[in-house]
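One chain, chain A, links the two complexes that follow: it is found with chain B in the first and with chain C in the second.
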Partner chain A sequence: MDGLEDIKRDILRDVLKCSYCAMCEWVCPTIDVESNNRIYGPRGRINLIITYLREGIYSETLIESIYTCLLCMACTYQCPAGIDIAEDIRRFRMILDGV
Partner chain B sequence: MNRHIEELIKLLGEDKVSTDPITIKLYSKNAVYYEGSALAAVFPESTVDVSKLARYAYENDLKIYPQGSASEIVGSSTPREDGIVVNFMRMRKIKEINYVDSYVVAEPGVRLIELNNVLRRDGYMFPIDPASIKSATVGGAINSGSGGMMGAKYGTMKDWVLGLEVVLPDEDGTVLRLGGKTTKNREGYDLIRLIVGSEGTLALVTESTLRITLAPERVVTVAGFFGDLEDLMACVVEIKKSKLDVLIMEFVDDATAKMTVETLGSKVVGEGHLLITSVSTVDEAAERVRDALVHIYDEAGANKIYSALTMEEAEDMGIFDIRRNLYPASIKMASMGLRDDEEKPYIFVEDISVPPTKLVEAVRRLRNISDKYGFPMVLGGHVGDGNLHPVVWIRESERDKMEQFNKFVLDIMEMAIELGGVISSEHGIGTVKKDGLIMSFRSKNSLKALRLMHEIKKIFDPKNILNPDKMLPSV
Partner chain C sequence: MSMRHVKNKNQIIRIIRDNIVRRGTPIYLSRWARLGWIEGLNVDGEGEYLFFTGLMYQMTPYIESMVSRLSRLNKSILLDIGSKLNRLIDISRLFSKVDGDRVRHAHQIIRSIYLLLVNSGVDIYYNPGLDVYAGTLLHDFGLEDDLSIYAYKVYRRLEEVGVDKVVTIDPHTTYMLKEVYPKYIDDYSLEVYPYIDLIKATNSNSHVDNKTDSIYVIHDPCYYARALKKSVIYRDILKGYGIKYVEPRFARLETYCCGGPIESLSPEFSANIASRRLEMLRETGADKVIVLCPICLANLRRAAGHQDYILDFSEILASYTGDKS
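Now for the complex of A and B:
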């Protein structure tokens, strides 16, 4: 089984493909819950993961963002870069749980 | 807390103003990795909110950086630390649909795909279909002057805006209503088309009345591969002469088609340059139109031809996959062989246009430029209107080559100008193409046009608080 560092590396490799195009947001069931706030959409989540993994930025906003995802995978099918968004968020929760 | 923030919260309410650094960070990026900063992210919910905001900003010299979904790729939506980013995604009502008079009234935060999903149910459409249609908003498309795959038939955003409600950055936060609900309108200077494509530098768009049209009854699509680019262009010319009602005419060069098939896979495969043509027709004529198109492709020398009698069939066959995968393929290519896992590629989608008859020469010269600098490039575009999108990239670790990379991009724009084209077709100028804008007007001995644009900017925005330093270069 991969260690947390391996998982971090795998996730980072995948999420860094995000170009911020926002093609994922229109299908997200949670982004509108908080008045179309990017934090509650896949683009926001992916980029918060990047800032955590690269810059170590941890906050309540990050926790809210990551744990409000339904893991429904609607966004995953929309991503033109092929980022496995829902799976990356699921595995990132493992990292947060280990914090 | 910054005094502006306190005042904005008093004016608009706490839930419309965020000073959370992470929220600001997320609202300070665009789709090509430009990242700015801001004092706050502000989320107006009505024209009244926007007017209050504009008045406050004017009185207090506070910069306003407006944005929709920030999917633009030239830097027009990214803020700076001297102001606030104003995001319009909470203003997203479709207020009226009138099929008899052929218009819709929409707020700026409505996504183009959402608008089309509603219209398509009744057999209508809004025909501006940028590649970013799933994320692009009405307000963003107006400010960017967006186009799309159907541009050869339907033009760009400037052809589809009948009316605008805008807020001016002045002492009253003046609300102006321009145009109306009719196709014909000759009421003085055309301020609507001045604001369309102004990249948020003149006024804040709070509502628009957009022309709509019937969706085609039937769309027939043919795709083919050509070993020789001149044969492909001969095919384009014959299709144009055939009086078919061309809806989409897309091109991908041979190296890119091959690379896309190899990296992402495709059900449509062949040797050479790919040409995809979709024609609007009626049910009864579909097979005749398909046969006519296939005949033209065949006569022009296509070595592999695919055809579909409906859009659904074309999608099932994957006819558009290679063209649509241009950007993902670039990401894939740019990400391959990275020296470490934490390196990020920076991808730039160029947006030149040349007269369609100059496309063969443009493609040849683009390849020469790519070879000269040694930067990789994938190439596709809207061949029907001569709009090419060379996609180029550089990696984080190659920042020392940035000067060379910028020269590479300037050479691409210079080539477009030499062939009688333009340096920006549907993406805009933002912060990245100002040099190209100077180059273009200088080539026409018309730098005074840029000075006129600065004067226009001053009239709309006397304190230069609205998206400052975007689009207009110093002259």
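Now for the complex of A and C:
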């Protein structure tokens, strides 16, 4: 099993492919019920993950965003860049578990 | 979300994690709830496939009880005390007062699946000692160390008694055993078949005339539709049975989650998603909703407010074959 630093590197490599096109958002149930507040959508989650992994910014918003993800994979199948969004979010929880 | 809620989230995860690791299920499950579906069935002996419920359907009444209490407990200091006490005593027993009708309904669904398999000529057997929770929440919460140990134990127990094929009855257990466990266990060789892959796609008991004019709407479970690519199989079975169905907005690969996966951490948020999905299902004008997952069953049923509008795929088929227990 990979160590946490390996996992962080793998996640960052994947999420940095995001060009913020928003193709992932229309299928996301959590952004849908939260009036398009982007922290509840895949694109917002990716942005928060990048901010944490690059700058170490930890916030209540980050926790709320990551743990309201359903891991339903709807976004993963829409991403034109092929980012495994749901799996990145799930694995990112491993990192938060150690914080 | 306040820091208080962040702390609550950690405490709920700790309680669930401790229960799975120490007691084998995320929440307390009585012996009757776990095994009551067997009553009157001859399930012993040997066979080609081990019938593996993964205990998910049995847990649905307890999940519903827990979620309604968690909504209140979420803002309470009791959660802080409870998460510490839970190492010594199972505090999820607080949620063990469940609706008996819901438990019997879960039993009926499992029996329906068992009988559908038997009547399809599938050589199955059951062993209660081997039928355990697959650890889905350890996976979902990212508790990788715990999951790797847990998955190893589950697999070795099956391997030791020579189980090489299992039939699963829900998408989450299927996904865990088929897709997740192999990532943690080097020599993993268990063959995993969801029951929808094995049952006959036609009604062999055509003398049973239970056909109605009801029109159903299908709610695809995320893990069958996306992770396991099964959405064609259960539609073909419905067609084979002559059951009329319509599609909602967001179907098949683009299905809309019921909200169930976050019911333990964010029960109100989860309920809002279920209500939104229910709106989409209702707008089709269908008489009833077909679900194929115990989490969807529990979450949508709670949103609908009554049991009869949300039905499991297996109980609909059983009503056509006469296998309803």
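Definition applied: the second predicted complex is superposed on the first by the 99 of 99 C-alpha atoms of A that agree within 3 Å, B and C clash if a C-alpha of one lies under 4 Å from a C-alpha of the other, contacts with A are read in each partner's own complex, and residues count from 1 in each chain.
Everything that follows uses one rule, which is that a residue touches a chain if its C-beta (ideal position, glycine included) is under 8 Å from a C-beta of that chain, and two chains touch if they have at least 3 such contacts.
Since the structure is predicted, the reported quantities are computational estimates derived from the model, not experimental observations.
When both complexes are superposed on chain A, chain B and chain C end up sitting side by side without clashing.
When the two complexes are overlaid on their common chain A, residue A:Thr68 makes contact with chain C while staying clear of chain B. In the superposed model, A:Leu48 lies in contact with chain B only, and not with chain C. Once both structures are overlaid on their shared chain A, chain B and chain C have a minimum Cα-Cα separation of 9 Å. Comparing the two complexes, residues 61 of chain A contact chain B in one case and chain C in the other.
Residue ranges on chain A touching chain C, taken from their complex, read 1, 27, 29-30, 32-33, 60-61, 63-64, 67-74, 76-77, 90-97. Those residues of chain C that touch chain A in the shared complex are 1-3, 5-6, 9, 13, 139-145, 148, 184, 222, 226-227, 250, 253-257, 259-262, 265-266, 269, 272-273, 276-277.
Residues 15, 20, 22-23, 25-27, 29-33, 43, 69-71, 89-90, 92, 109, 111, 113-114, 132, 134-135, 324-325, 327-328, 331-332, 335, 341-344, 347 of chain B are the ones that touch chain A when the two sit in their complex.
Across the interface of their complex, chain B is touched by residues 9, 12-13, 16-17, 19-23, 25-26, 35-39, 43-44, 47-48, 51, 54, 57, 59, 61-62, 78, 80-82 of chain A.
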